[in-house]
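Note that chain A is present in both complexes that follow, paired respectively with chain B and with chain C.
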Partner chain A sequence: MIIIMNNEKFEIVIIDDNPKEHIHDNLKIEYPNAQICTFTTAKSGADYILNDLNKKRIVFLDYKFSANEMQGLDALKAIRSKTSLLYIILMTAELINIKREELMDLISDDGISLISSDVDSEVYIGLVEKNLSFMNSRLDSVLEQWIIDHPSDRSKTFLTEGTMSYSLNDILSEIRNQTQFGKKIERKLFKLIVHMLINDK
Partner chain B sequence: MISDIIIAYNDDLNEESKHFFESCADSVRQKAVESSLKYHNLDSTKLFHSEVERAISEINSNFIFSAFSHGAKSALFNHQSEEYVSVTTNNFIFGGSIVYTFACECGCDLRNHFVDLGVASFWGYKENVSICPHVEEFVTCATEGLAALLEGKTIQESLNQMKAMYDNSILSLKNSSHVLEAAFLLDNKEALTVYGADELNISIL
Partner chain C sequence: MSDNGGILKWRFDVSTFRLIGRELITDRITALFELVKNCYDANSQSVEVVFENITPVIYKNIDGNDIIGPNPKCKILIKDNGYGMNIDDVRDKWMVIGTSSKRKNPISPAPYNRKCVGEKGIGRFAVDKLGDHVNIITKKINTNEWLNVNIDWTEYQRRQEVDEIILFTDIENRFSFIEGNPQDCGTILEISQIREIWTKEDVLRFSKEASRIVSPYITLTPGFNISITAAELDIRAKPIVPEKISSSTLDLSITFNKQNKTQETLIFNEQKHTINKKEIPIKKFGGISLKIFYFDENARRNYNRIYKGDQNKIDGLKIYRDGIITTPFAEAEADQNKKRDILGIDKRLWQDLFNKVSSREIIGHLDITKDENPLIIDATNRQDFIDNEEYKSLKEFIIEQLTAIEKYKIYRRELRKSNVRIEFEKALQDTDLFTESLKLIIKENPLLEPVLQPAVEQAEKTSSSVKKAEKIYQEAEKEFIRKENIYLSLMSLQQYAANLAHAVRTSLSKVKGGAEFFYKRYPNLLLEDYFIKYSKSIYLEMKTLNKVIDFMLSYAKSDLEFEDLEMNQLIKEILNSNEVTFETEGIETVVEVKDKFVIHCNKQFFIDILQNLIANSVKALKNKPYKIIKCTAYIESDKFVIFFSDNGCGIPVDKRDRVMELYYTTTADEGGAGLGLYIAKTRIESLKGAISIIESEFGDFGTTFKIEFPLKN
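After this line comes the complex of A and B, so read on.
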C-alpha cells in the first residue's frame, strides 16, 4: 500500500523562511514522484496555493515568520477561507508559545497537524502518509476530485433546488468551505452509497 | 371515469428550470394524447389561481391536476412567486380528483389540506426537490407515476412503477459515473409521498 502511495502524483509545498534542507531531501527520497515547491514567505506560499486549488497537495507551513511579514497562521486562515480540504502540517519551534485560542482552532481542524520543527523524519513522513490516505478515502476529498474530473462545463448550471441554482464550481466551493449545503451534498452521496450497498448493486 | 387532465407548468423565459418543467409537461401531454384524455394547458401565461379555477369549472367530472413548478409547504407558485394553488385560495375545488405535483415541499400542508377536503389521490414531495436540468432521468422519474395512471394502472401499481423507475435511473446514472446526479435523484425518491386508495384507477374515478 505504501508503495502505491509513494508513486502517486501530488505536490508538497514547503512554506518556511528558513527551509530545512533535510526535510526537503527526506521527502524527495520518500516521494520521488512528488513535486516539491518551496516558498520563503507565507504570502507567496499562500498565493501560490490559492491560485490553483485543484491540485492534490500537502503543505508544510512554518508558524513564525519575520515580525513585519504575514505569519503562518494568517496564511493558514487565508487558505481555510477557501478550502477545508487541504492538509497542512504546521511547523513550529515554540509549541508552548501558541495562544490558547489559536491552539484550540488548530486542534479542532482535522486537516491540520502540529509538529515541532526539529522532529525526526519518521514523524513528518508518517503524517504525509496519513494525509495521503485521508485524501483517498474521505468522502469530501473524493467528491472534490470527482467534480474536478467531471467532463462537463463546470460553470454551467448543474443543479437547481427550489429557486437556487448551482454550477459544479459552486458545489465545489460549498464542499471546500464545508457549508451547510456542502455537508448536505456529502450526506446525499453517503446515502447513495448505503442505498447501493443495501440493494447490492 | 376521468377524461380530462390539466397540465400546469412554469415555462417563463426567466425560469432557470424552464426546460425541465416544460419537458415534464410535454411528456405528460403526450401520454394524455395516447390515452385519449383531453388536456388543458396552463403555461406561465395562465399560471394564476383564477385561471386554475376557470379551467376546473369548465370540466364536468373528476379530473387530474398535474403541476410542475416551484412550491412550498402550503402552496404552488408561479414565476412571479404568486400562489396559484394554496391552502388559502382554491384548495376546495379538487375534491374527488387526482392531484399530481413535482414541486418542493407541497407534500406537507398542501397535501394534508387536500386529503382533508376529499381529494382522491395526491402525489407530491415532502422536501425540497432537486433538478439536474439536462439529465433526462429527472424528467422520466418526475412523470412516471402519472404516466402509469394514464395507462389505467392503479395507484399502487403506478407508485411501484415510479419507484422502480427511480431505482433503475439511480443505478444507471451511478454506473455511468454520474454519481452526484444519482445522489440527488435518490433524495427526490425518498421525499416522494403519495395518498390514495391502492386499487383506485382513472376508470373508476
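After this line comes the complex of A and C, so read on.
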C-alpha cells in the first residue's frame, strides 16, 4: 500500500451496526494521529456529531440499520439540516438496491461519497485523502489554522454586528454550524478574496 | 420587444444528468405522466397531450438494412393553462439539477392551493427521456410576451462526437420572446426528436395511468381535465376520465360522520355470513372514506375478459388526498410484481397465501383530506407517508377492513367445499335408493327381472363410480393441503434466502477485508497483533459461513412433508438427544407437557426450533453456577403454546427486539454467530407461529421465550 502516513489531527467517526474491523484498523494505521470514534446506531452517531460541529471530521456512515431504527439516510438528513460542511462516506452492502427516490436525495449533495462496503482499502483511504486536502483549503480550515498559528488573535473581537461581537473563534464556530451569520460572513470573505484578486492586491 | 432574446446555460454536468436521470425515470409512460402532474402543480385546469406524426418510419442504416424507428417529425406536445414560467424560473429552477421549489413549497400558489403531486425537480429528466429537443413556450398572466426557450441535447452530442472538448455547461440554449395576449398564461412543452416509437398500446397505457390522477369518487373544484390527441391513431381530444369499477364480487364503502365523530368500519357477520358496517369513534388519523371492490376468482376472470389487452388491472389500493392521487404515484410499472407495497397488504401473503386478500384481488380508493387527516404527512420522497403513530394506525385500519373480506373469502371457500361434499353424498344416496327400489320391484315382480337387471347393474356401477369419485375428491383435497404446506415453506424460504444472501455478503466482506490486510501489509512486525486478530477473524467468519450454508442445505435435505406429531414425546426426544451436553455442562432439564396431543406439522422444522433454543440457552448458562432449562407446553383455546426458559444471563430489555435478527448476537464470546434464534424464528413463522420474549419465569434471571402455533393449522 503506497500511502504516506498522514500526521494530520482530525476525527473519523464510524457509524455502523455491524462494524468492519478492517476499515477501522486500516484508518488507524494510515492516520495514527486521527481520533476514531465508533457508534453502532445511526442515532447515537448523529447525536454525537450534532453535539459538536466545531470538529474537523470525516464520517463513515452505514446505509442500512435495523428495520425499526434510524437509517443512514435519516442520520445524513439530520446532519445536513445543521451543516453542509461535514464530509460523509456512505457505505452500503447493496449498492444496486438503493431506491431511486433515495438516490434523488443524494444527488444534490456534494459532500457525500457512496461506496460499497467491500471496496478495497485504497478507495476509502483515497476518499479520506481527497477530503483532507479539500477540508484544508476550505475557509473554516484556513481560519482554524490561522487561529492555531496566531493564538493571541483567538479571543480578540474582530467583528461586531448589531449588539453582537465576534472573535475569530466565534466566527469559526458560526461558519461550521452554518448559521445565517456564518453563511453571510463566509460569502463576504469569499467576495473580498475575489475582489482583492481582481484588483491585484 | 419580440426580437429580444439571449442565451441560457445549464448549471450541471450532463453525464451526471444522464446517469441519474435515466435511473430516476425508468420509462416513457412515467416520463410523460410526470410532465402532466407538473401541469396540475402549476394550477392548470386543463392539459392537452398531443402526439404528432406518431407512425414510425422505415429507413436504411449505414449497412443498408431496413430499420424501423420514430418519424423524425414526431412530436409530443404538453399544453397547459397553468401559471407559466418567466425567464428566472427557467434559469434558476428548470436548468438547475437537484433543486426543487416543490420541496420548499409543497402547496401550489393561491387561489388553488393544490397539494403538489409531481416529483421534485424531475421534469427535465422526463423531457430528456422522451426526446432530444424541447421548446419551452411559456407565459405568466399579465405579461405581454411568451418566452420561448430552445433546448437541444443533440448539440452537445454532436460536438462531442467530433472530439471537441466541451463542458455541458458551455452549451448555449437560445431563448426569445414572442408577443402575446396579457390574459393568456400557461406552458407548452414541444418535445421533438423523439427517442422511441410510440404505439397505440403505449398511448392507451399512458391514458390509463393518467386517468388515475383524480379520484373517481371526488369532484375537484376547480377541475383538472386531461385530454389526448393522436390523429393518426384516430384519437382526437379524447378526455381522460377516471373509470368507475364494475363486475366485482363485493362493492364495499365506508365513510365517517364529522358531527358525530364516528367512523364506519367493516365487519364480517359470522351468523349471516355478510359484511356489515359498524360505527366506531373516529381514529387518531382522522375520518376517512374508503371504497373497496373485491374480486373472487370468477369476477377476476370476468374483469380480465372485459379489459382484455387493456391497461386496467386489479392492482390494489390507491390513496387520494383532496381528490388527487397521493400514493402510489401512478406508477407506470406494467409488471405488478415490481409495484410497491407501501401499505403492507401483500407482505402478509406469505403468512397465509390462500386466505389473505392480496392487492391483485382488490381495487381500492382511500380518500383522505388535508383538513381531516393533517397528521398523515407525505414523506420527503413523497412515495409514502411519514411513519408516525397516525399512519401506523391508518395502515392497521386498512388491514382490518381487508380482514373482514378475508373472513368472507374463507367462508365462501369452505361453503364451496362442503357443497361438493354434500352433493357427493346426495348422489350416492340417490343411486343407492334407486338400486334398492329396482331390487324391490324385481322382488315383488320376478318376471321383470330380465328387463330390470341391466338397470340394477348399471345403477350399482354408477354408485361405485360416485364412491370412487368421492374418494378421488378427498385425496385431491388432501393433496391440495399438502401442496399448500409446501408452498408456505417455500414462501418463507424466499424471505430468508434474501436475508441469507445479505448475511453471506457481510461475512465475505469481512473475510475479504482481513485477507486484503494480510495481502497488502504482510510482513510487518509492528502489525503482528493485527495479523493474529485477522487470521482468527477469517477463521471464525468461515465457520459462520459454513453454518449458514448448512442451514440452507437443511432445506434441500429436510422433508417438507407435514405429519402428525405427538408433542409430549417429540419434545422429550429432542431434549434427550442433548443429554450429553446437559450432563457435561451440568444443566438440569424440566419438561412439562400437559396432556397428550398431536400436532400436524413438519418434524424437521420443529426439531430445528427447539435445537436452536437449546443451543442458545446452553451459551447463556455458561457462567452460571446452577443451570436450568425448562420447557412447558399446553393447549390454550385455539393455540398450542410452548414456554422455553433458562436461568442464564438473560437478554436486556432494549435488545429483545433485535436478538432474533440475523447476525445479531449477545453471546459472541461463547461463539454465538447470531444465527440460532434467527433460524428458530423463521422456522416458527413458516409454521404460521409466533415467538416472543416475555418476562423470565425465573424472575431476575434468565430468559423465557413464548412460542405460539395456531391449532387449526
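One rule holds for everything that comes next: the second predicted complex is superposed on the first by the 143 of 201 C-alpha atoms of A that agree within 3 Å, B and C clash if a C-alpha of one lies under 4 Å from a C-alpha of the other, contacts with A are read in each partner's own complex, and residues count from 1 in each chain.
Here is the rule we go by: a residue touches a chain if its C-beta (ideal position, glycine included) is under 8 Å from a C-beta of that chain, and two chains touch if they have at least 3 such contacts.
Since the model is a prediction, treat every value here as computed from it, not as a measurement.
Asks: One more residue to check, A:H195. First (chain B), second (chain C), both or neither?
Replies: So A:H195 only meets chain B here.
Asks: Using the superposition on chain A described above, determine whether A:S121 touches chain B (first), chain C (second), both, or neither.
Replies: Second partner only.
Asks: If you stack the two complexes on chain A, which partner ends up touching A:P32: first (chain B), second (chain C), both, or neither?
Replies: Once the two structures are laid over each other on A, A:P32 reaches no partner at all.
Asks: Which chain, chain B or chain C, is in touch with more residues of chain A?
Replies: Comparing chain B with chain C, the partner touching more chain A residues is C.
Asks: Using the touch definition from the top, say if A:N18 reaches chain B (first), chain C (second), both or neither.
Replies: A:N18 sits against chain C, while chain B stays out of touch.
Asks: Quick check on the superposed pair: does A:E94 touch chain B, chain C, both, or neither? Answer first, second, both or neither.
Replies: In the superposition, A:E94 touches chain C alone.
Asks: What is the contact status of A:I185 with respect to chain B (first) and chain C (second): first, second, both, or neither?
Replies: first
Asks: Which chain A residues contact chain B in one complex and chain C in the other?
Replies: Of chain A, no residue contacts chain B in one complex and chain C in the other.
Asks: Quick one: which bits of chain C touch chain A in the complex? Just the residue numbers, please.
Replies: Residues 16, 20, 23-24, 26, 97-99, 119-122, 380-383, 502, 505-506, 508-510, 512-514, 516-517, 520-521, 527, 530, 533-534, 537, 657-658, 661, 663.
Asks: Using the touch rule from the top, collect the residues of chain B that touch chain A in their complex.
Replies: Those in contact with chain A are residues 16-17, 20, 70, 104, 128-133, 167, 170-171, 174, 179-180, 182-184, 186-187, 190.
Asks: Could you pull out which chain A residues touch chain B in their complex?
Replies: These residues of chain A touch chain B: 143, 146-147, 157-163, 165, 171, 185, 188-189, 191-192, 195-196, 199, 201.
Asks: Given the complex with chain C, which residues does chain A contribute to the contact?
Replies: Touching chain C: residues 1, 18, 20-23, 25-26, 29, 66, 68, 77, 93-94, 99-105, 107-109, 117-118, 120-121 of chain A.
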